[in-house]
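Here the structure comes first, spelled out in structure tokens, and everything after it is commentary.
Chain nomenclature is as follows: A, B, C and D, assigned in order of appearance, with residue numbering initiated at 1 for each chain independently.
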Amino acid sequence: EVPALKQKQTYKVGFAQTESNNPWRIAQTDSMKAEAAKLGYQLVYTDAAGSAAKQVADVNSMIAQGVDVIFLAPREEKPLIPAVMAAKKAGIPVILLDRSVDPKLAKPGQDYLTFIGSDFVKEGQRMAEWLAKNANGKSKIIELEGTTGSSPANDRKKGFDEAIKAAGNFQIVASQSGDFARDKGRQVAEALLQAHPDADIIYAHNDEMAIGAISAIEAAGKVPGKDIMVLSIDGGKEAVGLVAEGKIAAVVECNPRFGPKAFETMARYAKGEKIEPWVINDDKFYDSTNAKAELPNAY
Amino acid sequence: MTITDTSSAAPTVRKLSSLQLASRYGTMLALLLLILFNLAMTPNFLSWQTVNVNLTQVAAIVIVATGMTLVIATGGIDLSVGSLMAISGAVAPMIFLDTLVPIADPVLAVALAFVLPILVTMAFGWFNGMLVTRYAIQPIVATLVLFIAGRGIAQVITNGNLQVFKNPGFQFIAMGQIAGIPAQVALMLVVAAAAFAVMRYTMFGRQVLAVGGNEKAARLAGIPVRRIKILVYVISGALAGLAGLVVVARNSASDANLVGLGMELDAIAAVAVGGSLLSGGRANIIGTLLGALVIQLVRYTLLANGVPDAAALVVKAGLIVLAVYVQQRADRS
Amino acid sequence: MFSALLRPKSAGDLARLGVLLALAALILFGALRYDNFISPFNILSCLRYNSMFALIALGMCFVIITGGIDLSVGGVAALASVVSAFASPYGWAAGMAAGMAAGLAFGLLNGFMITGMRIQPFIATLAAMLASYGLALLLADNQSVSVSYDTAFTMIGQEDLLGFPIPAWIALFAFVIGWVFLERLPAGRHVLAVGDGEATALLMGLKVRRIVFFVYAASGLLAGLAGTILAAQFGAGQPTEGVGWELFAIASVVVGGTLLTGGAGSVGATLAGVLLLGMVFNVLNFENGLGWISLSAYWQSVIRGLFLLVVVILQARISARSPREAS
Amino acid sequence: MLLSIQNLSKSFAGVAALRGASLEMADGEIMALVGQNGAGKSTLIKILTGAYRLDEGQISFAGRDVSFSSPAESQKAGIATIYQEINLAAQRSVAENIYLGREPRRFGFLDHRGMREGARQVLQDFKLDIDVTRPVAHFNAATRQMVAIARSVTQQAKLLIMDEPTSSLDEREVAVLFETIRTLKRSGVGVIFIGHRLDELYALCNRVTIMRDGQTVAVGAMGDMPKMELVRHMLGRELAAFEALGKSADQQAERPLRLELQGAGSGLRVRNVDLTVREGEISGLAGLLGSGRSETARIIFGMDRLERGTMRMSGAGRTYDEPAEAIADGIGLVSEDRKVDGIVPDMSIRENMTLALLPKLRRAGIVDRAREDEIVQRFIKALRIKCASADQPIKELSGGNQQKVLLARWLCTDPKVLIVDEPTRGIDIGAKSEILKLLRSLADEGLSVLMISSELEELLAAADRITVLSDGASVAVLPRQAMSEKALLAAMAHQVD
């Protein structure tokens, strides 16, 4: 069973972040910190700098420091299992944020409390389904993948590729990693556009690469939104603005503001409520129909 | 003073081509093979746009690798270049976006956005040089300090946040054109040409090589060893700073987390593929230019031919080894 | 090592003394400032985690003594973790053998590139780093590979023996062998002499190539072992892990007073260097937990850089004050 | 026949270093191998021992045809070698160096104690009492040379090769070495001895092989070969007599002082040195090894700080923090260890030669190539530097020719004071007299030369005045009238006995 959590005035909570090298993670961290500050909790924050192994060590140091709850944004599904188990053994409930751990090895409500977040596979699917309806005759896709080996990259590719195959009529002419980065995304897009001049859709695994791709399209003398349709995931303000401008056709949101929901879930558990195994984050979808209106709400 | 000619036998003439030429041809050969391969295999390779894409993408590497060549020529190495790029890339937008202090005159702001970040990275280069000379810390370790802390500094001053901007004046160095040549390509050529001239014709160039070749002998010949070493790190810092500006200008955004990430390895690989010994005493700027082009073209080839990222790593590794090997064979023959 | 510390003879001895003092000071600082810092849980989990780095640093120490460098250790460890994860269903021994074999294979490749093809170590091992990551990703299909929980494989990483983590035992064992090799076997002298100058060692009749080949093979093997522990400890082969390990290892070796120019070095001080640098992360985590200042990850890297700076400057100072060397 | 080398050829990058050289010797023979700088002696040795590969020729050793592919192999076969540039692992201890590659073991482990004791014993035979656990880098060139010799002698080889082993030894040490060699000879060991000091060769060797331009030009018993004939074979011409050097006119006492040290001291090695060098004279500096001559030169040249006493250049008080300052004041230094702090190996002869001249060769930061080439060519001819072209890397030159380039490095800066530390070390007899003559003619034009040398004969022949150091202090100044070998030795031995 998941360790119990006493009701207290204030808590010492741990938040084990995986990395801080992109705007999305930074927004997530800020949201957690802001919420902890609002509630007057003490937040023990660690950053694993992209290493699953270090993240386990970080969790262990939180255990040593005797935190009440651990929020864990697992870098990877499998390697974080030992951290989850160690916390359980030490009597500290764990709440997973934005990525889950291998369900075969650890179960919600048993080894950890719950998983709060959205589904990367589903994000890819949603994008593919939207595209199937709104392609307007475009069909040749360049896919800009995230960092090779990272789970959002794997899942967003899997969800999209499978759904687009099911939809038929589409062809992924090239699929290469742009490392979730604007500069790399641009460089890869430049090379791929050059090698595949017939491509008319670019699907990027995050906003940054999509924005890089737009400048690659412009450098190649084409018009984003007209000659080439750009699709993205994340839905930060800049990207939503570009949807409003018409340069990006559609964005699936993946909201990083986890703070309120995370701490609310924790409070519910302390009160003794039963927590569902998956606290779903509902993410928006932006396209030309709603982008202008939603722009102020984008993160 | 008078020295009388007492020689009896005329010195025998050497019929060997110069070593430098040979090693340059090694890299050249690798480049030619790559181009031939692409002509045969890569779709739409033969076009001006291809040249354009590759040259603009290689510009930053060449600029950094030029500074790296000088550092390596003194027997040093500079791991901090990527972090310094991040710092200059972080500072520049803060100036013309008025995040630091409001500057009324936009022209002045842009001018400062060019000058100040480079001064900052030069100062960091000076810091590297001081560690290497004053404290006699080995270059890999001395520059490892800023490799680790430098990016942290850039992240701290921007709080890790992306800075997005549109500023045609500033972005001219990446987006502009000079006589039909993209500005960053022109910049790259100017930097490489200047470095070439310095190494070949000036006293400073000679002294850099002497310091790398035998530091004790250089000191005994009256060469200001410390000053020369500090200077190459300052130059490397300045060029890294410049490359940082080019990269952020090209992206209309500065991301302290990612600008210049891994650049040190690309730059060092370019220098090595280009035929300069990492142990110092040699500097082959043209080789570095060609080496960077080889690396860039390998990347392009793999991308354009749809080689998956993982396999691309293996192929890239193999090609670097091959290029260095060919180059060294040529060198020894 | 200890007699040398009591009566330091060379700059190296003094630097080694420095790293031990720094380690003691840091532990004392942590013990006084934080609750539970010297709790068995914290110390043992620190040792468990850092044993991987210790193994890599040991190999790096030998490589650096010959005046070389091995940038491939992180990538090789990642590859080995994937390979051993694949082999783990056949038992812990099979997993371990497979991981070490993968590491050794890359070590031999490095050795061949450096001695056979005469490619500079920096470039050869840089290429090996790229290639090993590439292979790891290809084998693992870009994902972590789960190890088998049916065999005893995870024991290698997760269990204790006599109250002490098994990975730490493995690392300790490796260091004892490394120490005996370097200090007590003729071959250790030869490794040191090669680092002093390859041309000289050659003229003195040493089989330089064989020695250089050997140290890269050993470094690969140890990286393979570290990768195996990585897989066992975290229950997965991780093709994207290991980034930056080579720099950590280099820094540990240097902090331990081994010069990158080769020809001198100490196994024991390297271990102290690993613990010192590993402890810094731990202290930073505890400092965050105090809640006085919440250090962002960014400040942490600035502080780590500064810490490295302070240590190497202190070392430089110490060596500068040691007896002057004539040449 | 112990060793027979026939028709050996070898070229480097198209330049022939050996052209059919040969050498034959029997057990228990001490063979002198002589020749001008660059004649190919060291190359011959390196091929024989497997450090270089031969292009053509046959070698048989101890009755078998051999072709060693590495020094390790030749050592195993019973050839012990000291190469010209002392080759020891600088950071390893003396004991380890002596036993490197054949360490004493106990149960497979290193026998540290046995190594220490053994090394101490061996060195005692050479009358050397040093701490064998200290790195060799801590010792001066002479001590290192002795360690290298001890290493080779203890290898119990059938053939012992020594390439200029005495170049940095003083007479006492040379005597000890020769005694050891003679003992080895008696036990049947063959010795090849390369050297430029003819007296030594006559004292030690029983046969001689003479090389010129990569060929063997004469072989004979040492006793049947008069000195003049030997030199003629070596040079291919007659040698002008050593004594013809001449001295400066006698009124030198009235000449203005150029460089003056009074009570100079630095660290422990230099305690109290008084020294004067006048305009246009060659001032000699003599002393036993370790007496502090080189260290005195280091002080004058700004490599070490003048901690006590005063130094004056042309009457003005001076202290230099960096060699650059000394150079700017018109001082030059040819250091004693050309490999460590002389040559820049990968640079060309031209670049090496003009290294110190660069500031004067520059116009707006650019090196004036035309002038540079002109100067370099002039010196290559004047000093008869044997090279393929001025753009050849200096590392490819023979030791003696490298030394000439270094001398040229300073001569071309037209200095006021030139300090030469062992200027003729490793230089053949022909070039040696040329260099001494050159120094003399430069002095006649006003150059002040401070000459440090361990060769008394050379000092007596060239110097106008000799200051003798002992244990870091100047103990005597011998004016020309008082100079004699006896007086010099007496002064050098001062305070030692």
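The rule we apply is simple: a residue touches a chain if its C-beta (ideal position, glycine included) is under 8 Å from a C-beta of that chain, and two chains touch if they have at least 3 such contacts.
Model, not experiment: these values are computed from the prediction.
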- Query: Which pair, C-D or B-C, has more C-beta contacts?
  - Reply: B-C
- Query: Compared with chain C, which chain's mean CA position is the farthest off?
  - Reply: D
- Message: Rounded to a whole Å, what is the gap between the Cα centroids of chain C and chain D?
- Response: 44
- Query: So what's the Cα centroid distance for chain B and chain C, whole Å?
  - Reply: 30
- How many Å are there between the centre of chain A and the centre of chain B, using C-alpha atoms for each centre? 35
- Task: Take the average of all CA coordinates in chain A, do the same for chain D, and state the distance between these two points in whole angstrom.
- Result: 72
- Item | Touching two or more other chains - residue numbers and ranges from chain D | 340
- Note on the structure: Multi-partner residues in chain C (2 or more other chains touched) are 137, 142, 296-298, 300-301
- In chain A, what residues contact two or more other chains? 20, 148
- Message: What's the contact topology between the chains, one of line, ring, star, complete, other?
- Response: other
- Task: Could you run through all the chain pairs that touch each other?
- Result: A-B, A-C, B-C, B-D, C-D
- Query: Which positions of chain A touch chain C when the two form their complex?
  - Reply: 12, 14, 17, 19-20, 33, 42-47, 49-54, 56-58, 60-67, 76-82, 86, 90, 102, 104-105, 147-151, 153-154
- Item | chain D-touching residues of chain C, taken from the complex the two chains share | 9-10, 180, 183-186, 188-190, 192-193, 195-197, 199-207, 263-264, 323, 325-327
- Footprint of chain B on chain A - complex, ascending: 20-23, 26, 145, 148, 174-177, 179, 181-184, 186-188, 190-192, 194-197, 208, 211-212, 215, 219-220, 238
- Flag every residue of chain B that touches chain C in the complex, lowest number first. 131, 135-138, 140-142, 144-153, 155-156, 159-160, 265, 268-269, 272, 277-279, 308-318, 320-321, 324-325, 328
- Task: Show which residues of chain B lie in contact with chain A when the two form their complex.
- Result: 42-45, 47, 49-50, 53, 57, 155, 159-162, 164, 247, 250-253, 255, 257-259, 261, 299-300, 303-306, 308-310
